[in-house]
Every structure is written in C-alpha cells, then in structure tokens.
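Next, two complexes with chain A in common: one pairs it with chain B, the other with chain C.
Let's look at the complex of A and B:
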C-alpha cells in the first residue's frame, strides 16, 4: 500500500469491510540534540521511522534545521523506562528538607563581605 | 579566465538547482509522512539557495544581472537545466529516485569544484558540500528502505529507476566550453563526473537489491544544456514567475 495520501484514498463505502492502512511499521524514536561537543545531549521530541538510520535522517531536518548542532541521538521510545505519573508524589520534598536545595544557602552576603574586604570587585 | 565558459557552468548548475528545488517543493503539504514532508521541503529550499548563490557569483564576479532577474526573467530557451529536473514530480517513487540520481551527481560535482581555479566557485563548493552530503544520505536511506520494503515498493523503485536513468545521463551533456573549463582548471569535466557518479550509484543501487538499468547511448535524453527542453519546463516557469510578472522589480 502506498504512503502517498493521493494514491491511497479511503473508499468511504467500504469502511468497516476493509483493513485500513495504519503505518504500523513506523515506530517512534526519541530524539536528543547536542549543540556543541562536550555539552549535554537534550531530549527535543520524537520522529516516526522504520529504522535508526531513517530516524536520524528525519530527526536532522526536524530538530537541527535551525540553530547550532554537533550531533543527534535517537533511541526507540520502547527502550525508555519511566515512572508512572501516579507516583509523582515521590518527588515532593517536605518543607523541613529545604537544606537539600541550593536556594537554602544564603551565602551571598558572606561573599560580598569577603569581596569588600579584599577589594576584589 | 574565460568568462563565457564560467557563466555557462554557473547557469547550468544554478538552473538545475532552481528547477529541481521548485519541483521538489511541490511535495510540501502532501508528503508521505509529516517528518518526510518537512525534510523534503527543507532540502528543496536548500536547492533554491544554491541557485541563488551561483547566480550571485555571476552577478558579482562576472558583472551579470542580479540573481532575481537571472532566475525570473529569462525565456525557456535561455535555461540550461537538464531535462531530468524538469519532469513533473509524479509518484513519490520517481521523486525519490530523481533526488537520488541528481544529488549523487551534485555531491561529486561540488567535491570536484572545491579544487576549482575559479576561487568564488571553489569557496561556494566548500560551503555547500555538507548540505548536499545530507541530501545524499537522505536519498540513500529511502532508496534502501523502499527497495527492501515490500514487493510493491521494490517494484516501484526499480520501475522509477528504469524510467529516470536515460534522463539522468542527460545531466552530463557537455557544453561547447567543456574543453576550456578542463584546460583552465575550472572544472574537471562532465565525463570524469559521469564516471565517478556511475561507480557511486551502481554500488548503492546494487546494495539496495535493485538492478542498474542498461541505457543505450541513443536513449539518453540530451538537449537541456543547449536550451532544448521537455514540454514541462514552460508551464513550470509560467507558474514560478507569476508573481514577478505582475510587478517586475517590486520590493518587499
């Protein structure tokens, strides 16, 4: 069956009697973009493709068309493991554990005092 | 350096790029899947960019008219593109096979031109060869995938290849300046390009499980480089220049 929508039109009178084309051979690939060598590779979206080579080829135009790029990674969506959103509460932090957050440490005043004392500004 | 010879080379390359860019852009919005629609349109846009850059060299270095005038205000006879690029988009199999045959020739042509004695063209060649390398990568991936897909996709790719090949050989039609270009080190020549191209595409076609069509010399479609075109170029130019003709020289 053709992927060209103009070739493969659905015959409305036969809906329900015929197997419909679903593009089921196309799986999804997670796409990761790297701006510069050595920088982190960041998830940017997905593409549909039937193999890794084509996923890379298509991802290049979807996600590297604009802006600096040094590399692209793709991985099968089915190879990605994640938590369930139902368990989102595991990420909640109790107020008494603020000391784990960077913002808890108010050291700015100490840095400024040091700089003033040593004339480093 | 022979200005006429360089202009001839810039025009045939620019016209090929402009016309195939216009043709391939016709798939925008009706591509086989969203990602491919976008990729194909983006590559078509690259081609128009190459045409613009080539006409710009003619304008700046040879004192020719500005790129827009060169692109939109010439008659069909003055175009030097090969007939392969003029043909309608047909089914996706043909458009992909044409893209495959054309871009392999483009990549080798620009690689050869990186050593050109005509510096502006050598510089442009170095700048665009990455883009065309991607175009070839894209074409090879699709060719392989569809040739090894289903019975129908394999048959379609083979039929498209058989149909396109006599036109593809027409890419290498020599101009009257061929010897001058080679002698002055401007371009290595169509014959060398054709040999390298044939070797490259034969390897990919065979690896994809397709058969290289044998084309008799008498079946090769020549003429484009001398201004003799298929019946499909004129309507394309009419459409392409419709806006310019309503208000020539308009600025926006």
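Let's look at the complex of A and C:
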C-alpha cells in the first residue's frame, strides 16, 4: 500500500512491461511572451506540442502562471532562422559606428566660436 | 527542488584528459573566464556538454519526481487555502521540470530519451525524493526546508556558464521563493499550534534532518568534484560549502519556533563552519542506489504515466513533423 491515495487508485501492479518508444516525441515550439500592450514580445522558452493550438495552451500554463500577460506567440522551432554564433564577428563593428548615434554630433563649440568671432552675442 | 550530484573517481579522471582542439578549447575557456555565457550551437568541449547534460537532466527528473511526495497530500490538505497553495506549488515543480528538459534538450538529447533513461534507471534524480511524506507536517518540512536547500543550490548554479540553464534557473528561483514562503508559513503555523501539531512537526523534522544533510551530496573529502567543472562554471560551489550556507541560513529559523534538530553535535564553530554528527553516508549511497523507502513507487508512477498516456501522444502526432533541437 502506498501512502498516496491516488497511487492506490491507479493500482501500479497492473502496469505492463511495455517496451520504451524512442521516436514518439512531439516537436518543439518557440514561445514569445508579451507582458502588456505596448511592450515588446520576448522569447521565453519552448513547449512540446503537435499543433499551434496545443502549443498555445501549454505555453499559457508554462509561461503565464505569474505576473501579467497580454499575449503569447508560438512558432515551430524549425520555422525560426538564425545566424550561427560562429559568425558573431559580423556584428563586431556595430558599437564603433558612433556616427549612427545622436551623441556623436557636437557643434556647440563651432557655434560659440562663430558667435565670438562675429560678435553676434 | 534539487539535490546536488557528484562524480565518481573514474568520471573525474576522464574529465582531465582532453582530446579537444587546444585553440578552440582556449577560446572557449577565455569566454567563460570573461563571464560570457555559452549558447546552444556554440562550440563546446565534449565533456562540458556531457556533464552539463547529465546535471540538467538529473535536475529536470528531480523536479517531476519531487512533485510526487507533495502531490500525495493534495487530496488531504487541511483547508482550502493550503490546498490551493499546494496545487500551485506542485504545478510549478512540473513546469520547472519542463523548462529544464528544454534546456537539456538544446544540448542534443530529446526529452523522450531523458524520460526513458529515468524509467530504466540510467539517470538519477535527487535522493531526497526517495523518502515518504508520512503526515501533513512532512509537507511543511519539505515545503520550507527542502525548497530552501534547493534555492541555495539553484541560486548558485544560476551563475553558471550555460545560457539556457541559467535562464531556466532564474525563472525557477523566482517561483521557488513562493514555495519557501508558503512552506515556512505552514511550518510556523504547526510550530505555534496545538501540542499535537507541534509534536507532529517535531517528528517530521526528526525524519527529514538526515535526508536534508544528505541533500547537497557527499562531503568534499569523499567527492571528486573536478576542478575542471569549476573552471567551466558547471559546478560553482562545493557540496560542503553549499551545505554550510544552508545550515547558516536555516538552523536559526527552525530553532526560533522551538523545534529542535535531532543531532546533539550540531553547532557552528568560531570559524563559521557547521559541525554535525556522521549522517551515515552509507545510507545515502544505498538509497540513491535504488534501495530506499520510495524508489520503486516513484519510478512505477512515472512508468504508469508514460504507458497510460502513450495513446494520447500517438493520436496527436503528425507523421510529417520534423524534430529540430530547440533554439534556446
């Protein structure tokens, strides 16, 4: 007898010794979570499911148990394309492209020099 | 919830021989030294992948097997509020298992293969779940102290080097904070309740003291924890260091409500190290080797779930679906 009433109801002595399956698993879905309207939709993990409806139900149970949620997206893992981390160096020069940043453009000195020279102040 | 695992001597030796490309290995180790995370799809040493997979897989198994002793009491919770909290906690544990299986899956083993290895005994789960929850007070001790021990372990591991595992652990630790608080609440209510409730809690505490000491694994002097695993940030603290941190944080919280620990030698030395009686490491070995009070039932329940629900999975499967390793 188990201490667990549920286990006693199951009657474990009736389990057969069936062979283990090795290729009967469902595919995975990447899950994206949006906390509230106006916020980004962010990748939070995966679920296993056979269709998008089931993936959404499981994603709700897994990733919307706490806090706020306004929406969840799912996409088949096999439908998501990405770069390889081996090619990470293609992004290396981005931080040095300061000319793309607002803070790079500083003309106050020139304006002040111009004004001093031309006595416009 | 999770207990620590340890390497056998042979495994530790194998870790220290490497046939990896020295250049790639150096770049990999430099990344880890800089505090960068490793992501799926990146190059990693074979032993890193293997040890990490083993660790995350065991952790995942511990979550779903760990739901069983507590699940025992859902139908007999003493009131509706406790029942709601216990159902929520057990659901969390199963959810943690799923998140961890996903993290392990990114290393190249399917969830089905992992569950098969759990059932055929090839992979293990935390030893603490081979003990029964005899009374409702056991649920208080598990919820408070087993979860507290798990949080010590998981908070440390969440600073590790593998991205998907760290992300899963951060989420898990956040949810476990509720488990610990509701367990403590339950513990304090029993400790400050009727003489009968206090006695019941004290008996449960006496039963769980030894499994709690065992929780973090064998002492460092017997455990070949590899320096390599530390260097690769797969393991971040030694078993003894984690056990000490746990005792430091929780012994006073047990004693402040007048519950005692069944060990006359338990005390903290001037150097901050806790001493305790020999907790019978042979028992730990015996139980983790399969000969514990609940090992058989735990695996049979898992096997039942697998067999009884197989037809549902098979009915849902699409033959045209192609499995791909999850991305993150």
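By definition in this document, the second predicted complex is superposed on the first by the 69 of 121 C-alpha atoms of A that agree within 3 Å, B and C clash if a C-alpha of one lies under 4 Å from a C-alpha of the other, contacts with A are read in each partner's own complex, and residues count from 1 in each chain.
Note that a contact is a pair of C-beta atoms (placed from the backbone, for glycine too) under 8 Å apart; a residue touches a chain by one contact, two chains touch by 3 or more.
The model shown is predicted, which means the values in this text are computed figures rather than measured ones.
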| item | value |
| --- | --- |
| Which superposed partner A:37 touches (first chain B, second chain C, both, neither) | neither |
| Partner chain(s) touched by A:50 [first = chain B, second = chain C, both, neither] | both |
| Which of chain B and chain C A:28 touches, first, second, both or neither | second |
| Which superposed partner A:100 touches (first chain B, second chain C, both, neither) | neither |
| Contacts of A:119 with chain B and chain C, given as first, second, both or neither | neither |
| Which of chain B and chain C A:77 touches, first, second, both or neither | second |
| Which of chain B and chain C A:85 touches, first, second, both or neither | second |
| Chain B or chain C, by number of chain A residues touched | C |
| Which superposed partner A:60 touches (first chain B, second chain C, both, neither) | first |
| Common interface positions of chain A, toward chain B and toward chain C | 2-7, 23, 26, 47-48, 50-51, 54, 61-62, 65 |
| Of chain A, residues touching chain C in the complex | 2-7, 10, 12, 15-16, 18, 20-28, 30, 43, 45-48, 50-51, 54, 61-62, 65-66, 77-78, 80, 82, 84-86 |
| Touch list for chain C against partner chain A, complex | 39, 41-43, 68, 71-72, 75-76, 88, 91-92, 95, 98-99, 102, 105, 110-113, 116, 119-120, 132-134, 167-168, 174-175, 297, 300-301, 303-304, 307, 310, 313-314, 316-318, 321-328 |
| Complex contact set, residues of chain A against chain B | 1-7, 23, 26, 47-51, 53-54, 57-62, 65 |
| Chain B - residues contacting chain A, complex | 30, 32-36, 38-39, 42-43, 91-92, 134, 137-138, 141-142, 145, 152 |
